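Note that the chains take the letters A, B, C and D in the order they are written out, and that residue 1 is the start of every chain.
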Amino acid sequence: MSETKKNAVKRIGVLTSGGDAPGMNAAVRSVVRAAVYRGIEVVGIRRGWNGLINGDIVRLDERSVAHIIDRGGTILYTARSEEFRTEEGQKKAVSTCKLLGLDGIVAIGGDGTFRGALALSKYGISVVGLPGTIDNDIACTDYCIGFDTAANTAIECIDKLRDTMQSHERCSVVEVMGRNAGHLALYVGLAVGATAVLVPESKESFDTEIIEKIRNARLNGFTHYMVVVAEGAGSAFDVANRIRDEIALDPRVTVLGHVQRGGSPTARDRVMATRMGYRAVEILAAGSTNRIVGVHQGKIFDIDIDEALSMNKGLDMEEWAVLEAMTGL
Amino acid sequence: MSETKKNAVKRIGVLTSGGDAPGMNAAVRSVVRAAVYRGIEVVGIRRGWNGLINGDIVRLDERSVAHIIDRGGTILYTARSEEFRTEEGQKKAVSTCKLLGLDGIVAIGGDGTFRGALALSKYGISVVGLPGTIDNDIACTDYCIGFDTAANTAIECIDKLRDTMQSHERCSVVEVMGRNAGHLALYVGLAVGATAVLVPESKESFDTEIIEKIRNARLNGFTHYMVVVAEGAGSAFDVANRIRDEIALDPRVTVLGHVQRGGSPTARDRVMATRMGYRAVEILAAGSTNRIVGVHQGKIFDIDIDEALSMNKGLDMEEWAVLEAMTGL
Amino acid sequence: MSETKKNAVKRIGVLTSGGDAPGMNAAVRSVVRAAVYRGIEVVGIRRGWNGLINGDIVRLDERSVAHIIDRGGTILYTARSEEFRTEEGQKKAVSTCKLLGLDGIVAIGGDGTFRGALALSKYGISVVGLPGTIDNDIACTDYCIGFDTAANTAIECIDKLRDTMQSHERCSVVEVMGRNAGHLALYVGLAVGATAVLVPESKESFDTEIIEKIRNARLNGFTHYMVVVAEGAGSAFDVANRIRDEIALDPRVTVLGHVQRGGSPTARDRVMATRMGYRAVEILAAGSTNRIVGVHQGKIFDIDIDEALSMNKGLDMEEWAVLEAMTGL
Amino acid sequence: MSETKKNAVKRIGVLTSGGDAPGMNAAVRSVVRAAVYRGIEVVGIRRGWNGLINGDIVRLDERSVAHIIDRGGTILYTARSEEFRTEEGQKKAVSTCKLLGLDGIVAIGGDGTFRGALALSKYGISVVGLPGTIDNDIACTDYCIGFDTAANTAIECIDKLRDTMQSHERCSVVEVMGRNAGHLALYVGLAVGATAVLVPESKESFDTEIIEKIRNARLNGFTHYMVVVAEGAGSAFDVANRIRDEIALDPRVTVLGHVQRGGSPTARDRVMATRMGYRAVEILAAGSTNRIVGVHQGKIFDIDIDEALSMNKGLDMEEWAVLEAMTGL
């Protein structure tokens, strides 16, 4: 019977939803190519779940996805959809699936996207989710598409900042993205050799994490300081003000902002997106549904959506311990 | 007699002052190597004019400047000096010159730096200024060291921004540096294919420069817009608010900030800095003084400091005409 | 009467021919936007002169050239055409112009492209040429579209090479492009702080330009050496062998190759291409023909094709003098 | 007693040996900072094992390793040592360790470096190895420092190459590094969306891996082709010749060469190097020896040197299956 279902997979849809991330195009390309490789047709759905509601679609073949592996953003556009949260919206989406004869949907995005996929699956549509967010805050997977590119964009910017901070012997406070989590700030802080890093998970310890670290750096002979702040830990301007008040430095603030969400994806994001896209098609072709593809213990794996959405993710404690030893020196 | 003076040039100083700019290290290297090539010794003065006041110096030879041509910032550090504006400060600086036997000073920076050089020259010290500022706002020269690197950093960031703005079909407002002038914003606006550009020189015409341009772009079928704002024309947040009020878009703001001041210099900045540094030494070796080195009609030239400081510089009108034709489409 | 002719300009063609160069897309975009701005239609001709012979065309409007300002290569493709050198080929091209009602052609490329344009003009077709080649070897202009990007690509590669050469204390010989001229090698050699540079214009002085420079660098305490060779000065492998034979070093050879011809154009190439494209349309709209657009004394200018093709261009002697002082230290 | 030994660790040495890799400086920095954090002194040994033989050393503290986390190459220089393969050489190295009072050595490099460490350990010196090679061919670890940077350098170059290959509708054959293994070529091939990839592990199937893939791409409507060849699979020139002979294309060859070994390390290489360096000090501080640090199942781990050296590593079969589906389309 699973065999029967397997044969039934003739045409699938692919969409990107929520905040965009570099590598989403590589994932779309991989879904299309992996599908074509198995003789499955692909329909691109534009502007996330809204596109499924409104029938905003485009046929995709191997040519349509040529030369997008190296492009940031998403050729399918993306959006958040209020309408899709309603039963009415979902029913419209299901009608579009039926009209187009879609045997399954690959949805690329974050937790919100996956909750959408779960809703759709209740109507009998097969769904697979791929994790795409620079915040790397999806609990079920060690890695999310876009994280590596965002980290490299951030370190390139901060390396430039350091040039000028060093020349002027100043303190710099840089705010990086990450929503409510400190994954990006921790990783970036390690990579730039930050003097101090403030993440939401540790923001209570401002004095030990920030003030003491800067103080130690000064005692060790340094005359400029790089402080990395996760957006979830508070505004870089507030952090700069506290530093000004407490230790009389005059920090310069930089908010890296949406720059971190764009750019040609790194090798890692392209390869991860390609491997995940391939797995998504493999799952649908095998007649499975309700899966999130991710990385666990260094390997591509997949997990049930319900289970995935119930998980929690903390900072990598080994990385945090290393950071503790590296900062303030 | 000029010949006599020529022979007198045995040792010169070099310093960077004011805001740093990528390519300052390439200029320092060039001064050192051109001097060594002519058998002249070089003393590096650290932290701008303060270093000359305090005797904060370092001997420089061809080895000291190895592998700095590709580094942002300035190995000599930089600062603004209040003390050097006083007669007392200037006299201390002159004493340092005499103690060290400096026959001339090469000062790399902007107009403030040149005014400092002029003050010093009144005490009989030979001085040459090199224009180093990403703002490109020094009147006597078509080109300032650092401008090209800053422009390329800005366009790389804005190209990334466009990825995400396009995916989300949004309006982006980006603030670039430039102090009171629009040179950088105009150049960057041309280079990124901006929808609209606001510079201090045109900020009165907000509606024609910004609102009408966005409107035309929408009428031509575009669904995302890139607005470049020079810091001298007002805050990007204010511009975004006006756009929100007047045409009901919801722009995202990015302030590129100090990132534009760092980074490995581009080929153009390295070559320009090298050519200018060489010329500075040539001038001092020839027994001349009170000159600013610059670029005019595509060639390296030099000009009297007094004359240089009395000049004014407007936007390049040919570039502006081109921008008018390119935007809003 | 010139007014009459002016009104006659309703539709123009644009093509890229010969070797591609980064910034060609920015030039195509500028031609299209400047034309649209003046109410002139544009036809893209693909694959150079062959496209004009075969009617390989595509209509271009402001939307067609969106988001190409930052792309390397040319969306119009390029090729060399044997057939266009024949009278028969040229007549076919003229027929296509007449069929399409083209009042003028903008041809982007090098000297070969301009000779093609000149041939076409004999049949009464208005033509304007834009200089696009990374070799910067077009005599009538100080600057060719693509040169700056190629130079920056080369210095980024050579900066990386230096990391490993320095770690291993080795001699590196790098071959850069430039056809028969040393413009790119001289510029890149200055920008990377090369130990020595070999260009076609100086290749007879191998011992003074290369061997003595390396020797001096060793005497000055350096233990790794970066030698930049222009392709027109001979193979990097031969240069490495001569170094091995004469001074018993064991150089590593890198041929940068076609990498230098691609990549997102730099700010300078985008701005130059945009300004030149605008001027090309201005010329055609004014009823002029047989012009090459270029840069002279820092300004965009244009010159008669015949005159342009009869000019010669040597190395910039001021840059060469600077290089002499900077190398071998 | 292990406690006793722990207390005995007062001073350690660190060296880089064999081919350099981006991230080696980050590893050196991490070893130094992690040691300082634990109150352990660090001595830098220059030029690999030769430095231990000759006493070519430099004291390292937190200041000495400032601002090297973002630098390619290795500040400690590197070399291969013939003398260290002899008993006499090893005894000299042991004498140096005793003279300096080194309680352990961290050696960063590849298998050859680890065999050297093993030899030294026979004389009672504690040793820990860190895997640093862009080839990623060390069997005991999933990841080697430098691989990610090399991969990103390669894809940036190949992205540029594609611009020009696409404009000219040509076939490109690019040779990437990797010594005897195809890890880098496979990863890069996936990331650039290669038409075909040739690795040592599959080079017997030239016709199916290369010829058929190009043929399929042509049948699918593509007119340019990107072939990635691992250096271990044969020369790119030979591959180009076979393509020319068998299917009458005229490929352009690029050998990326040593450029892949340099450059500022990526975020991943900096973080991996930092985590591994920290672990190396942890191991020595705990009184352990003869360990190689690596990554297994996504985590930092360590393994006995003997065991590590006896392992074999093949290509990642899951990645290879994905590549099969992605190429030739």
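Methods note: a contact is a pair of C-beta atoms (placed from the backbone, for glycine too) under 8 Å apart; a residue touches a chain by one contact, two chains touch by 3 or more.
Everything numeric here is computed off the predicted structure, so don't read it as measured data.
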| item | value |
| --- | --- |
| Result of counting contacting C-beta pairs for A-D and C-D, higher pair | A-D |
| Averaged-CA centre spacing for the pair chain D and chain C, given as whole angstrom | 37 |
| Chain centre separation (chain A, chain D; CA means) in Å | 28 |
| Residues within chain B bordering two or more other chains | 159, 162, 166 |
| Graph class of chain-chain contacts, one of line, ring, star, complete, other | ring |
| Touch list for chain D against partner chain A, complex | 29-30, 33-34, 36-37, 62-63, 66-67, 69-70, 142, 148, 151-152, 154-155, 159, 162, 166, 187-188, 190-193, 220-222, 264, 266-268, 270-271, 274-275, 278, 295-300, 318-319, 321-322, 325-326, 329 |
| Chain A - residues contacting chain B, complex | 16, 20, 22, 24, 71-74, 77-79, 153, 157, 159-169, 172, 252-255, 257-263 |
